[in-house]
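Right after this note come the structures.
Next come two complexes, and both contain chain A; in the first it sits with chain B, in the second with chain C.
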Partner chain A sequence: MAEVKSPIPGTFYRRPSPEEPPFKSEGDSVAVGDVVGLVEVMKSFIEVKSEVAGTIKSFTVENEQPVTAGAVVAELDD
Partner chain B sequence: MAIRKLFVANRGEIAVRVVKAAQALGIRAVQAYSEADADMLAVRLAEESVCVGPPQAAKSYLDKEGLVRAAKEAGCDAVHPGYGFLAENADFAAMVEAAGLVFVGPSAATIRKMGDKAAARAAAIAAGVPVVPGSDGRVASVDAAVEAAETVGYPVMIKAAAGGGGRGIRVAGDEAELRKLAPQAQQEAQAAFGDGGLYLERAIVEARHIEVQILGDGTRAVHCYERECSLQRRRQKVWEEAPAACLTTDRREELCASAVALAESVGYRGAGTLEYLYDERTGEFFFIEMNTRIQVEHPVSEMITGIDLVAWMIRIAGGEALSMAQTDIAIDGHAIEVRINAEDPANGFMPFPGVVGALDVPEGPGLRFDGMIYEGYQIPPFYDSLLGKLIVHAGDRAAAIEAMAAALDRFSVEGLKTTIPLHKALARDEAVRAGAFHTQFLEPWLEAHPLTAQQ
Partner chain C sequence: MTVKVLNPGLFTTIQDLGRPGYFHLGIPIGGGMDRLSLRAANLLVGNPEDAAVLETVFMGPQLEFEQDATVAVTGADLPPRVDGEAKESWTAFKVKAGQTLTFDYLKEGARAYIAISGGIDTPLYLGSRSTYPIGALGGIDGRPVAIGDQIPIGEGAGAKEGRSIPDALRRLPGNPAELRVLPGLYWRLITEEAGRNFFEDTWAVAPEADRMGVRFRGGREMTFKEREQPFGAGSDPSNIVDGCYSYGSIQVPGGKEPIVLHRDAVSGGGYFTLGAVISADMDLIGQLQPHTPTRFVAVDMEQALAARAERAALRGRIREALQ
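Now for the complex of A and B:
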């Protein structure tokens, strides 16, 4: 099973902005390079991209929760 | 009422600065901290500390009720807001006062008035302080625009009276250009907003950012001269100096006197900064806004005047009147501050919230470091990237730049990417050394002088 990891510590967001839908939901297919979420670090927003293709099985971090560098934010089915 | 116990409602380097200033005055410091900040330097230095919530600033450093409650429970008699967070929040200042505590800063009414751009502009005009010239309301025709531009002065910015933001702004250098551009602007405004009315404002091309530091006790105010902060990236100041080398003595006196007039006209209490745009070609300065708090770059003013601004904020809040006259305050030499941020300038200024490794901060005469780091400290990712400020003070500007370059070479922090390479490159740059820059200088300079990982 593949995983999407945060490249940097900070606060994880699943939406581009509070008014918009999530980048990805469970069951959505993901291509290499697709944006899965954002991490806010020191007032900057860094995109969290998938390095593999698959289907999102589950998110392992809730919206607006702190993440560490390398933390798994989503699990993918191949 | 002299303050005995001060609650510090901020974090990072400014919290360290405030804690030390309080202690030097014989005041006990109670440091607020979030769950992510339990290890921060200010917590280690303060006599007491109180956790005020989770890492997210909205639930800790921005939680007005929680902070006031924590200050009361700790037995404090005053609250220092630092900068950022709630420092310019009039409601917070009012809540602190309503709880029977002293807010270290101006009154809530002053914060509200000077925080409102239109109200601040009106206060400036009433105090005789120049503001960016604009048309008196909307202009409805091209001829009216030409007539207004005669008073406003070229080059003029043409804006839609009904619009907002920077949309559709045009700049006309003379009447012929205005006659050509105004009809286009009218048509566009009509199409976009259903109102073809225009507004004209003087375009200050290649403006410098110059700001005046003032201290007021509610009755009288003095200035501690000006700072030049034109080197900015994404509207964030990068490198700051005092005094502004581009000003003549006469112009400096005029500028600083205007700031004192405005501060006294609003009965200003505490430390404050009036920001101006300066047009070097015409020698004109224009008030743009006031910051009703201590600023990041306050140390350069302290270095050239010998006045401890943070100590004075606390003393004034405790009821003291200013003891110094304006004639007691003189400029001694030149000071420069650079902001050392945990960012990688060779990688698009990517934030770098790492662990501080071996740390060697240069010390010596004319050197000062206002920082928040120590060896082994894990920098939290939740707040801004400012690690500290390196400040140098020397006899003149050229000597200050040399001192800055030498201090940067001796400054070593392992384990992190920082903006030190940017400052080293700026200290070597001919235009920077000549003082030939303005607010639009740094971003194109960064494009033309990409920083590499080797620097």
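Now for the complex of A and C:
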């Protein structure tokens, strides 16, 4: 099973902004380079991109929760 | 020789020990946020302690070397690799011409210091190579390093590889982190209860923390003693008639979230400062990750000076360990 990891520590967001739908939901297909969330740190929002293709099985971090660098934010089915 | 930036990481800046002497003109002291680690990195590769290095935060850069060099990475646990081969932190290693230095995910701490034998040789600005991005001073064009930059490196034979700083002489904050605070001039403005709460509460590092200041949240809001705001001060009880800020001073806008001013801070303003984090603990602040639980611990001047002397002794022990 493939994983999407946060490159940096900070606060994880599933949506580009509070009014918009999530980048990805469970069951959505993901291509290499697709954005699955944002991490906020040092007044910047950094995109979390998938390095593999697959289908989102589950998110392992809730919206607006803290993440560490290298933390798995989503699990993918191949 | 130069080192080419293939990927700059999140926010990687050229830093030395800073440019003290201009704070009264509004130009901050700048320099590495964790100066002990910066000095240690330079000593490991055989540079003068105040040579310029790369300060990288949360995510390391990818660097391609044009010539052989000795390199050391200190501070945060951000594991280095040379052409994919894992190297030890706090230990000098060789990088050969054509090889690439990369980093794994950050494990602990926040800022790593990458020293290269010969030191980074960008132009001095007001006596320092430190980058102050907000003022666009120092470094390369006053900004963090970017893709394609050719970072100039000075001449230096470089120390031999394998030199290492023992674990006992390395410093990172604990969890919770503890920061010692000397209450200051404006402590009198808050109520006794607010003063007690400040030291009792466990705070958390806010994600927006940067080189200017580190904000904390999660503690109780402060209450202020009744007073008529003096002429020239704003209407909020946390406002004062503009005053000077020191490195380490703690301002609490609106009595809500304490902000510890760091190397690139503004030099004055209209918020009261309840005291200052002691100089011995300022390096630790540079290593705080977002959301780290943090306690403030009250000390008096005597304890602050003793801690400063201890810190100087630690620098001495690091120098001795590398002789």
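Methods note: the second predicted complex is superposed on the first by the 78 of 78 C-alpha atoms of A that agree within 3 Å, B and C clash if a C-alpha of one lies under 4 Å from a C-alpha of the other, contacts with A are read in each partner's own complex, and residues count from 1 in each chain.
We adopt the following convention: a residue touches a chain if its C-beta (ideal position, glycine included) is under 8 Å from a C-beta of that chain, and two chains touch if they have at least 3 such contacts.
These numbers were taken from a predicted model, which means no experiment stands behind them.
Asks: Sticking to the clash and touch definitions up top, decide whether chain B and chain C on chain A clash or fit.
Replies: Result for chain B and chain C: clash.
Asks: Scan A:K5 for contacts with chain B and chain C and give back first, second, both or neither.
Replies: In the superposed model, A:K5 contacts chain C only, not chain B.
Asks: Taking the superposition on A as described, I'd like to know which of chain B and chain C A:G27 touches: first, second, both or neither.
Replies: Neither chain B nor chain C is touched by A:G27.
Asks: I'd like to know which partner A:M42 touches here: chain B for first, chain C for second, both or neither.
Replies: both
Asks: Who contacts more of chain A, chain B or chain C?
Replies: Between chain B and chain C, the winner on chain A residue contacts is C.
Asks: Name the contact category of A:G70: first (chain B only), second (chain C only), both, or neither.
Replies: Only chain C; A:G70 stays clear of chain B.
Asks: Taking the two structures together, which residues of chain A meet both chain B and chain C?
Replies: In the superposed arrangement, which is not itself an observed complex, chain A uses residues 8-11, 41-44, 46, 66 for both chain B and chain C.
Asks: Using the touch definition up top, name the residues of chain A that touch chain B in the complex.
Replies: 8-11, 41-44, 46, 64, 66
Asks: Name, in rising order, each residue of chain A that touches chain C in their complex.
Replies: Going by the criterion above, the answer is residues 5, 7-11, 40-44, 46, 66, 68-70.
Asks: Tell me, which parts of chain C touch chain A in their complex?
Replies: Counting only chain C, the residues touching chain A are 10-11, 57-59, 104-107, 110, 207-210, 289-291.
Asks: Note which residues of chain B are touching chain A in the complex, please.
Replies: Per the stated touch rule, the residues are 36, 55-56, 342-343, 350-351, 353, 381-385.
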